[in-house]
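Below, subunit A partners subunit B and then partners subunit C, in two separate complexes.
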Partner chain A sequence: MFEYALLIVAAPLVAFLLIIIFGRWTRQGGAAIAIAALGTSFIVSVILFAQVLGLGALGAPVSEEVFKYNWIGPIEFGLLIDNVSALMMVLVSFLCLIIGIYSLGYMAEDKSKTRYYAEFVLFTAGMLGTVSANNFLQFLIFWETMGLCSYLLIGFWYEKSEAASAAKKAFMVTRVGDMLLLIGIMAIFASLGTFNIVEIQARGIPAGALMHVIPLLLFAGAVGKSAQFPLHIWLPDAMEGPTTVSALIHAATMVKAGVFLVARSFPLVAASDIASITVICIGGFTAIFAASMALVAFDIKRVLAYSTISQIGYMILGLGAAALLFEAGHASHGFTASMYHLMNHAFFKALLFLAAGSVIHAVGTNDMRVMGGLHSKMKITSIAMLFGALALSGIPPFSGFWSKDAILHEVFVAGEMYGAIFTFIWVAGVITAFLTAFYAFRLWFMTFAGKTRGDIHPHESPRVMTYPLIALAVFALISGMLAVVIGGFGHLVTFGGTVHEGTMELLTEIFTSPLTYITLFAAVAGIGLAYIVYCKQRVSSEIFVSTSVGRGMQKLLQNRYYLDAAYRGFALHVGMGIARAADWFDRNVIDGVVNGSAKLGLLVARGSDAVDRKGVDGAVDGIAYVVTGSSNRARARQTGQIQAYIAAMVMGMFVVALIMLIYLSGGW
Partner chain B sequence: MIPLEYELALAGILFGIGIFGIIYRKNAIIVLMSVEIILNAAIMNLVAFSSYAINPITGDPGGQVFAVLAIAIAAGEVCIGLGIYIVYFRSRKDINLEEATRLR
Partner chain C sequence: MLIDFPIISSILIVSLLGTLLIYLFPAGDRGTKWFAVLLSLVPLALSTVLLLGIVAPGSVELTSISAGGQEFLAYEKAEWIPQAGISFEFGVDQLSGPLVFLTSLLTTLGMIFSWGEKHRTKEFFAMLLFMQATVAGVFVSLDLFLFFVFWEGGLLPMYFLIAVWGGPKKKYASMKFFLFTQAASLLVLLGILVFYWMSGTFSIVEILNQGQVIPLGLYTDLLFFALLLGFGTKLPMVPLHTWLPDAHVEAPTAGSVLLAGVLLKMGGYGLIRFNVQMLPGVSDGLYVLVAVIGIVSIVYGAFVCLAQDDLKRLVAFSSVSHMGFVTLGIGAAMLGGSKLAMAGAVFQLFAHGLISAALFMIAGALGHNVGTRLISKLHGAAKRIPNTAGFMMVAFMASLGLPGLVGFVAEFTVFLGVYEGFEAFFGSGLWVLIPAVAIVITAGYYLFAMQRAMFGPEEEDAGEMKDLHSFEILPLAVLMFFIALLGILPYLLFDPILGWVGGLV
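And now, the complex of A and B:
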């Protein structure tokens, strides 16, 4: 009954082909086609979501596979429509539509708009295909489509060498995760004989070493795509692409796919305690690790990039905690909370990026040190970004508060059951909340408050850019409360057990828990500190680096914990060494084999050539030679002189007469 | 009565002269004349054998009739031959047979 869902994925794919073929002849480089396709996807996915909700209300999750198409053997392509994928499709198509509309303004002066919109819709199609795949192979195909598009879009301005190398970096770093994911998927197929996600979720991996290895391999794919530690290094560099692309990667697609992968393989992760604990540790560590690097960044987009890594860390953390509780047989809201945070983050991160894009569009630089005092010049952008920053910091009633609080609550519950290590991670989460609020408002104050520091002449962006900002700002405000109003996000997305909570129960639960006030206090403290340092400037920001420890910390953070340098060194020395060895092997062994076979072929060819020349050609030439020689002689006789002919004739006549004479006279 | 051998010898000599003329003379008119000589050699044979036929008095008139017929045809043949020569001469300004090789 959800057959029309195919349209959601097909529309952008068709649009991609249309833009590639006809885009250059349309006025905006195919923008109209892109917007139309994204709009179609959005409308259809809203209808789909409404229908799924109608069916799956009160915690009876819909799970239906549609448009099954048997391709080869056991692989059956199709769409898997359930609450998670329906939610993701609405989210993705809505944000892509908004970002697409915003692009009309942001990319208005770019020369290669056709390429931009084509890659843009293909990216969207990749994400929509990923979230709706009913088997892991199809999932991987769309997943890699996204990888390709991220490469193309990050390197969109490929004339800049930074953009080109950032694109390469993104592609290669995510490749590490993708390769492990591929191995994981193959391992699933080897042990279960199917790629079908529903079947895999239902059957689970049989006990044994694979039970732990497979979820870890799948998680490695998520780590690469979602830029979690230790494969986070590509995301900050991905800022070299257009800001709309950053918004796309951070809010709607790409990094969210990793979280989605963990959600899709949730039963597998939950079946293994090792995997669950790894997921929690990576998520928790990445959250605080990335937040700390955001503190010292001066590039407005880079701050947001670190913030994305950190927020994704929260989501992974929530999923991990839920998996661990689930494995131990406890009901958990962690899965719900993570999906909830995914949605909220998608809205406010898209908002923050598009607002940052608006600022960059206005001032022509990414460097916050030359900004400042933009509030009076660009009021809409400023207010929109303030909404985004509040949501990111987790100040009620903005969206980030509800979901972040829910995740931290789950981690705390896990900590109560499993002891000190999770309590420690919970503390890290709370510190991250403090850091998040601090860097979010450091960004806002440095950009919009105070006096303009650089020589810039900002102006408010055109309406095609500000209207999407307003729409997203509204969502950043209400998307969190929406779930409260309907009595818990668990009604939309849940895993393992139903959640029945009324609005009042939920509010009471949230606001009577001391945990809520702890995180809230951390966030407010972060904002307060940022206000004192960057707005009022009562305390100089130099105070942080006045001690040697502070200076050391700053150096460490600005060098991103030296991880980039370490990877670079690894690539240069180990990678190059392997490459040289492979090169030697290629030149000497592979080429040797190839050349040897070529020589053999040459030898055979020479033999057959000799036979051909001497034997076959010999016969042909011989006949020709004989014919030529005899005809040459015969030709010499044909002089055209009639008297010569007559002479010959007479001679013949004499011969005939002689023979007749002999014959008639009865022999000699 | 002249013996048959003499007549046949004369015819043979005439034939030889004709053949020689055809083969070795370059002038087309002389070749045509040589052809006539060969023809006369053949007619000579007809007449000679006719006179040695079964009836000794009258001989066989068929051979002599044939001889007259052959002479008439030879006259016509010469007409045609000379006609060809005239046309040929008009186009080539020459009737040397050594040069006449265009039909090769």
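And now, the complex of A and C:
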């Protein structure tokens, strides 16, 4: 019934081929082809989503596999259409389209537009393919396609050393996760004989050590792709790419693929308490850990990058909490809440990045220290970004509020059941909410409020850029509420049965819970502090570093807890150290043995040299003549001993043949 | 469509006669290159028919003969030295057919790529064609004596390609190449003679039909070991690989292309045809050794790559690393009975042939067009030579096993088979983690090289750089086509191989 879904993935793939072949001859470097393909994907996704909703919203969730073919042997590929993939496709294709349109303005003056749009649509195909894969191997193929495009687009301005280095870092760090993911997938195949996601979800991993190891290996892939601790270090550097790329790949879509992977393998995670607890701990820790580094960043995009890592930490945390509750036999909304936050975050983070891009486009720098006072010069951008900051901070009725609240609620429930450690993580989540609101508004105030600090001449961006901002700002406002209106996001995406709740029940539940007010208070406090320090400047920001502890903290945070340096040191000293040692071994030991024995051989050969010269040189010169011509005789002679070997070889074969002939004819 | 026509002998005769005909051209004649390339299209077309007969038996039907449960297609036989039971006996199967195609394809592409060769053009093209004949001869010979004649014959053109058209250290490199492979050939010859004495025939078909021709025991294991060393040198496996980097660095581009693309495959082919197919039932310990050698080659080769500055040397060591997948696949398949691992090893022979050919073309093009292959001297080159950088990127991605390209299929299936094999034999498949480390290291050395050679700010005082010529783009584009095609639709080639492996493992 959903065969046409193939078009969603195929359109950008075809566009990729068209752009690399014909793009350079079109006026806009293939932009028109790209937009047409993205538009097609979006429209078809909407139709698909509507159909899935119509079929499944009030009954059992839809799950159907279409367009199957055998990749090799018994391994079957195809598309899996269910509520999750239909939602993801609509989300991804919408964001790709809107950021594609924004790119028309943002990249207008770039000389390498063809390359840009080719990589852009290939990325789109990769992401759409990832979310619609019906098996983990196909999932991996598209997943790595995204990784390739991420690498190419981070290094889009490759003549900048930082961009080239950041691209490599991104690929390498995610590759570590990918390697573990690959092994996890192989382990699944070895124990179940299939890659098919639906089948794997239904059957689960048989009890044993692998039951824990497999979800952990899959999660390692998610940690790399979604930039979770300890593989988070590539994402801040990835901001070297064009801002459109940061918005699309490194905020709204690709980095969510890890969350999506955990969602796809949810039953496997939920079958193992070790895996669930690991997921919770990594998610919770990453949330607060990344938020802390956002506090001291002055690069507008890096603040947002740390924020992305932190927010994805929330999603992972929600999934982990849900998995743990499931494992213990309780119902949980955590799965729903995480997917809900994934959607909301995609909108408001894309908005924040595009708004930041609009600012960068206008002022020509990423450094917030030279900005300030931009509100009067670029009102649309400013207000759009304010919407984004409010959504990120979790202020109702903006979207972030609803989903973040839901996740923290689930963690609290888990804490009530499992005791101190999860209550502790819940507290960390609330503190993160405070930090989030603080850095979000620190960013907004430093950029738009007060007086301009640097020598900059900003102007509002063209309409092709502001209209996408407006569209996303609307979504940042309403995407959360839309789910409330239909009675909870659980009607769209859920795991383990549909949650039936009315709008009023939902609202009552949210606003009568004290937990809601605790998080809300934390957020408001964060905004208030940012207002006092960065807008009114009643308190100088110097106050944070007035003590030695404060200065130490700042240094620690600015150096990213020294993790980047540690990894770099490991790669340079251990990795390259082994490489140099191996190279030395190869050149000196292995080659040494060979050359040594060759010298020995030569010594022996000298003894028979005289015989050699007289005996075989004639024959060898003959061969040399045939092969290289008469004028090359000298050269052939100069190659030294080798003629002897050729002659020996020819004669040797002759002798062997002779011996055999005699032997066979019984002549002995 | 049934084709009852001596395809294989036609391939060999056309190539061998062509070699001689090229010599008839006057030196410096512009028509020589055209003649050579057009002539090489004949074996290419015939090899394509063979390949189609193997992967799409519905469209092209070839005559067949059964041998020990397996089938050889396009079978031909004619007497040669009847007193010794030696005959011209040819045939291909799913193992050798793709390799014959690869040989013909890379010969034609290598010739086109060498369009700019000025030094002794006539002889150069003749050597390439001669090489094509001998290497194809190795793959198609079903007579052990004939096999050995071709096996040895292949050394000559390669030796001359390095010694005459090679780089500054060509004398050392060609000598080392010759001595090493010649020593290995002795072991192969010994193996062939043992087969002959035990079975009374040189015919592979008859040996396979006789089944267990060699009684199991110590001597069989020794024979296996001798053949492993012989074929392993060619493959090459660590620590017998040391002739390879020198030969590659000094060889002219087309020579490197054929050396990495098909000459190494003779080793893999020999291992599977002789050790696996003709010596069933040897001790497990030997296959443990094979698997361990594979793992060592993969990881060691990758680490050595990381320390290289000469791009050609880097690519040469990456061949050591990637051919390790063949060894590992064979070892794991025979230990754990994984069909996927064996099919992956066979597929890797073909995949690596395509990828390494592209890699050596790029390294060679940098040498010709830019004047240096040293990564440290190239930096920031992408701006000036964007086409070279683009092809380099695709080739690197293919080689590091990016899903969607042909290398991934081979590596993934080998790993998958290794997982199954290790689980069956060692109790846990997670040992696969050791060779899998190479996935990260491989990405490391390629991306590191890419970053230093191509990205970053342009070098101020860099000399003149020329981008790829059209005669260099064409062969690269053809390779990329196959690399992508078999990466996306691998079943076209993989499933026939998997079917063939079914009767083996």
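In the analysis below, the second predicted complex is superposed on the first by the 578 of 668 C-alpha atoms of A that agree within 3 Å, B and C clash if a C-alpha of one lies under 4 Å from a C-alpha of the other, contacts with A are read in each partner's own complex, and residues count from 1 in each chain.
The working rule: contacts are C-beta pairs under 8 Å (C-beta built on N, C-alpha and C of every residue); 3 or more make two chains touch, one makes a residue touch a chain.
In this text the structure is predicted, and so the values were computed from the model without any measurement.
*Asks:* So in the superposed three-chain picture, is A:Y517 touching just subunit B, just subunit C, both, or none of them (first/second/both/neither)?
*Replies:* neither
*Asks:* Once the shared chain is lined up, is A:F424 touching subunit B (first), subunit C (second), both, or neither of them?
*Replies:* Neither partner.
*Asks:* For A:N70, decide between first (touching subunit B), second (touching subunit C), both and neither.
*Replies:* A:N70 sits against subunit C, while subunit B stays out of touch.
*Asks:* Given the touch rule stated above, what does A:F570 touch, subunit B (first), subunit C (second), both, or neither?
*Replies:* neither
*Asks:* So in the superposed three-chain picture, is A:Y158 touching just subunit B, just subunit C, both, or none of them (first/second/both/neither)?
*Replies:* A:Y158 contacts subunit C only, not subunit B.
*Asks:* Who touches more of subunit A, subunit B or subunit C?
*Replies:* C
*Asks:* Contact-wise, after the overlay, does A:Y562 reach subunit B, subunit C, both or neither (first, second, both, neither)?
*Replies:* In the superposition, A:Y562 touches no partner, neither subunit B nor subunit C.
*Asks:* Which of the two partners, first being subunit B and second being subunit C, lies in contact with A:R580: first, second, both, or neither?
*Replies:* Touch status of A:R580: second partner only.
*Asks:* Could you tell me which stretches of subunit A are touched by subunit B in one complex and by subunit C in the other?
*Replies:* After superposing on chain A, subunit A residues 638-642, 646 contact both subunit B and subunit C.
*Asks:* Please output the residues of subunit C touching subunit A within their complex, sorted ascending.
*Replies:* Touch residues, subunit C against subunit A: 27, 81, 83-85, 120, 123, 127, 145, 148-149, 152, 155-156, 159-160, 163-164, 171, 174-176, 178-180, 182, 189, 196, 239, 242-243, 300, 303-308, 340, 343, 380, 382-383, 393, 397, 402-404, 408-409, 412-413, 415-416, 419-420, 423, 429-430, 432-433, 436-437, 439-441, 443-444, 447-448, 450-451, 454-458, 490-491, 494-495, 498.
*Asks:* Going by the contact rule at the top, pick out the subunit B residues touching subunit A in the complex.
*Replies:* Residues in contact with subunit A: 19, 22-24, 31, 97-98, 100-104.
*Asks:* What residues of subunit A sit close enough to touch subunit C in their complex?
*Replies:* 70-73, 137, 140-145, 148, 151-152, 155, 158-161, 163-165, 167-168, 171-172, 175-176, 178-179, 182-183, 186-187, 189-190, 213, 571, 575-576, 578-580, 582-583, 586, 590-591, 594, 598, 627-629, 632, 635, 638-642, 645-646, 649, 653, 656-657, 660-661, 664-665
*Asks:* Which residues of subunit A touch subunit B once you look at their complex with the stated criterion?
*Replies:* 638-643, 646-647, 650
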